[in-house]
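Got some structures for you, see below.
Across the two complexes that follow, chain A remains constant while its partner is chain B and subsequently chain C.
Our next item is the complex of A and B:
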């Protein structure tokens, strides 16, 4: 009996479903064709991440979006596993851009202050500090010069900071919860 | 025309509360009575009822009415009813006109009684204005030749030919291959009954060969079709067989022939000689020489082995292609479908991995008469496979790899194939990878259940790719089992790709020869998807089998019998009447420029260069009116949709408050029907639109649009069928061209081109129509007085000559 009490079945309750969610999402660039997905599984079958993960299933993300399981989707760390290789986009028989859908969901997650991997905050701070997402070490500049490549353009840090302010990115990055690693 | 005074009777129908609920019918009738030529106007509850019709008949006689206008539902519904009423009372049916105040007024303006009533008045005024100009017309009769042509000798063509021949009509059956039989002859068993396919087909094939009413033309192609319903002149190119019909099919020739080639009938899995018969049951059984393979070319004989072997001396290298001319009354198109070629899909490795085959190749392998004598062997090592996988939807349901539609037959074909394997080798492991299994027909679900009972494993989720083990030539399938949310990696000995069906490559030639339309999927389009499913839009032509859409044997046979019956009805009658909406040409104005002949989708207009005039073949005319819209000299107009009538309707709309109104031209088949559908669905839209019905949007001449603007209309809508879906083959492409040119003209004159809108809306797209009107309302609101005045000025010239 005690075992039965501890067991929490994974049930989708009707009140969790938001029938309007898919319409809202289908207005966003990249997620336009979400309604067309017929769950053939080609995306998961092709996905290089899925082959090494027990729970990252692009097909499932598409289904959850169709069902309107917004909260589950946005609080799911697995959303951040996609490497944006776009193989799923290339092979989907219905032309659904799964990678685009993932991007839309990630943006929404940050916008609504849900979750985001910590690394994004670091990348943002790199951008603000040096104008590049990755810190470019001095030796790299030298190497370029040796190879006869033109020097990298000098970033306008003031403008970058301004963009961060105007778009509200700074605030979002501050407020969103972060996590270090996707729990498996 | 009836001489003397025009006397119009107007009947405003309440349709219970359907119209009277939102339109004040009494007031509309009172208003109608004030219109010119109207001698009486009444309102009543149900005009279409017997009493309603009797009243009209009585009035026609008592009040000497010579035009009748009924304001009620859509003419698409009751125009035939009231036309008959008029005829019964001795009034020519072309003197009747209808105002659509239900679907296009009361139902779409449910909550604004005042606006709906005003609109109804306008619609009645337009109908009265047109009615005053109506002319009586006689429909011409065209005789029908009592002979039929069937193109394609698959099971559909065979059935259609036999049905017609049994009815007593002479039938010409043209088949491009050396034998009839088509796809069905190549299949091993049929689903769901598991009959031997060739065993049930062969007797029918032989019936065709022996039928006194059927002339079989194999190895032949239709190269020219001229004429029209009842009177088609067809040229058939009969290519030489190089073997005379004296051949007894003994096969001695093939035994000695030194040349070998892949056998097309066996999907290239077996060989044949240069002289061959495609398969044992071929009809005609006469052998044929493949000249592309034979050593003897252009009459130079270097090898005479077959000639020597033939006891009957049936071989004749001097045979020449013949052109046969036929005169037929009806044509049945049964050209079938091609199978999808999966070699375009790199991830499945077809053509690269020897053990990946198609379902058609499988049929030949499992067939006792096939290359392996019915042993399912895998190509790499000729061993019987222990584990077999089927992959569904190859080339179907995909907008990237193949076709968007479901090919209809592959699910059941795979289930049948899996059972065939189980029947012979019950130990075989069979996996079917699918997205959805469609077992919708009679006995289909039973067969599906049987396959599951036999242990066939169905896995939902298509493999992403197939990887071959280079040593063993076994295959790995990798994908997601979507029902378990898990990935699979399955190892099998052989993979069968369940390939879909696609339109024949040659279908474009047939389309051009017979002036047919196609739906977006590339198959031929029926005249009506529900109610005329085997008729082509072009009169006298019918479809059978996969030419119209992918279908199984049973459906092909059903459709073939239906097509034969439809063709038979025409031929039994022996004549056909053509609706009097054909062009009228004025020889005095015609400059013999020939523009009309170029836009006619039916080639119904020819230019007589000697007499410098055009000639209209009324029987071939479809009645779209595109020619009339094209004529720059006003030398051509359309019966029952004359320039004067349409201009009178425009003038009626724009008499008052033109600057608030939208003049909409809608084609009868799509846009007008779509607007009706918006009404049936009670979709609400602004009430300032006035619809003028034309048979095709191609009838809308630029001068009509000019007239509307010259009269101060705020906006004009031209609406027709989607490009490619036109009921007059391609007439709406001319609509597009004319509207685009009109936009340029508007821009050049500094007018806001948004005021002229073009809409493609199908009969089912009521919402599309309604939202277009809503969108145009915002444009109308923005149009300023100055803009109205300037467009009035620009198109001033259009006011002359109504």
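Our next item is the complex of A and C:
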């Protein structure tokens, strides 16, 4: 990418910083090691998404979490570009687990009714309706029989609904705003 | 005789029965007994981004079902392997997390005990069946065939959870399984790079560039086919190949086979029996070469 196209963030103001944020986050499963990030940049260098995206930078996400720039982190749709390939997890010299940090931030965005990609609402609604995240139409079942494949295992929809409820997922999914595509 | 609970996941029944058909064929021939899940829900993987606890509990429910059957799980999909295996290991190691998840499972009358294991098809073939037995089952070695492999992220990384000893920087498990068929497995640049498919629901440009680069590298070493072990990677390289070709104005024409399809051919199954007709990029030349007796 040419330099002219590079994303230039606006200046950070002191009142945006929240020193407590990193401590809150480090209690969440997956983000425990956020304080250990020393900004070496290995994660960004080895991230396949950063390689082709002008915006997605895992090192920056780690630093922004350390600084407590919560609103900036959660309002940036690029957060949803991580492919969970776990390259950063294996390569980080400090064991920071960026993929876990990104997941914690995404979860927080959904929990606080901010934003998430539309596709997750579709997957979740299919799961609740049929146990599978894609809708398996009747013709698929017939085709299986024709191909000599055994019938698909049946879901227990009551139990799935209960799992959604008890993990607080049903409410979350109702209220969060959705967007379709992320600019790269 | 190894016996496993087969975990199909969602995308295989939805779109890729060719993977299931070929896997069942070769496993039966190799004396691996498959038992169907008595009750099923999505492995949880797609829900991790929106709620980690939801993912853990959905995965754990499947693990509890397997515990009740007293059987280990065999997953065909890397994504299912990832969520089921990681959840299984995390819950076994982390008492606090286990208590949390068991708290949720109580509502549906289940409890995670940590008595089973989760394996991917590649692990079952390499560890339970074993290289010798596979070699013996190869009746029509695919000599003269040169292919490349794409293991897919989640049977390689994160190394601390995957287990089974493969090297994510230089993966050899799938390569060695391919070599048992008599085919050559070529090295190429950035072999363990991600296919890009996990984000295709939110952005197509980046995954297309990732997959295109991979196809470039595979073409550069003149591989006749790409061999995968994950339905999502397969979709990225097979189903989307014509679209990638259009987007970059390139012609690749690289057939993408599920590993059990390749193995099945070497074991003497017909292309029809292995669902090869379902592939988007038709492996015509490759089949001609195999059936033409040149190999």
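The rule is short, and it goes like this: the second predicted complex is superposed on the first by the 157 of 184 C-alpha atoms of A that agree within 3 Å, B and C clash if a C-alpha of one lies under 4 Å from a C-alpha of the other, contacts with A are read in each partner's own complex, and residues count from 1 in each chain.
The rule we apply is simple: a residue touches a chain if its C-beta (ideal position, glycine included) is under 8 Å from a C-beta of that chain, and two chains touch if they have at least 3 such contacts.
Computed from a predicted structure; not experimentally measured.
In the three-chain model built by superposing on chain A, chain B and chain C fit together without any clash.
In the superposition on chain A, contact of A:113 is made with neither chain B nor chain C. In the superposition on chain A, A:123 makes contact with chain C only, not with chain B. Contacts of A:40 after superposition: chain B is touched, whereas chain C is not reached.
Once the two complexes are overlaid on the shared chain, A:93 sits against chain B while remaining clear of chain C. In the superposed model, A:26 lies in contact with neither chain B nor chain C. Of the two partner chains, chain B is the only one touched by A:60; chain C is not. Which of chain B and chain C touches more residues of chain A is settled by the count: it is C.
Shared-chain residue A:18: touches no atom of chain B or chain C. Vertex at the C-alpha centre of chain A, arms toward the centres of chain B and chain C: the angle is 90 degrees, rounded to a multiple of 10. Contacts of A:52 after superposition: chain C is touched, whereas chain B is not reached.
The least CA distance from chain B to chain C in the superposed model is 7 Å. Put simply, chain A uses residues 51 to touch chain B in one complex and chain C in the other. Across the complex, chain B is touched by residues 38-42, 44-46, 50-51, 57, 59-60, 91-95 of chain A. Against chain C, the residues of chain A that register as touching in their complex are 29-30, 48-49, 51-53, 80-87, 89-90, 97, 99, 103-104, 106-107, 110-111, 116-117, 119-120, 123-124, 127, 131-136, 140, 143-144, 147, 149-150, 152-156, 159-160, 162-164, 166-169, 172-173, 180-184.
Those residues of chain B whose C-beta lies close enough to touch chain A in the complex are 347, 393, 397-401, 435-436, 460-465, 478-482, 485, 487.
Those residues of chain C that touch chain A in the shared complex are 8, 10-11, 13-15, 17, 20-21, 24, 36-42, 46-54, 57-58, 61, 97, 104, 107-108, 153-154, 157-159, 168, 193-194, 196-199, 201-203, 205-207, 209-210, 275.
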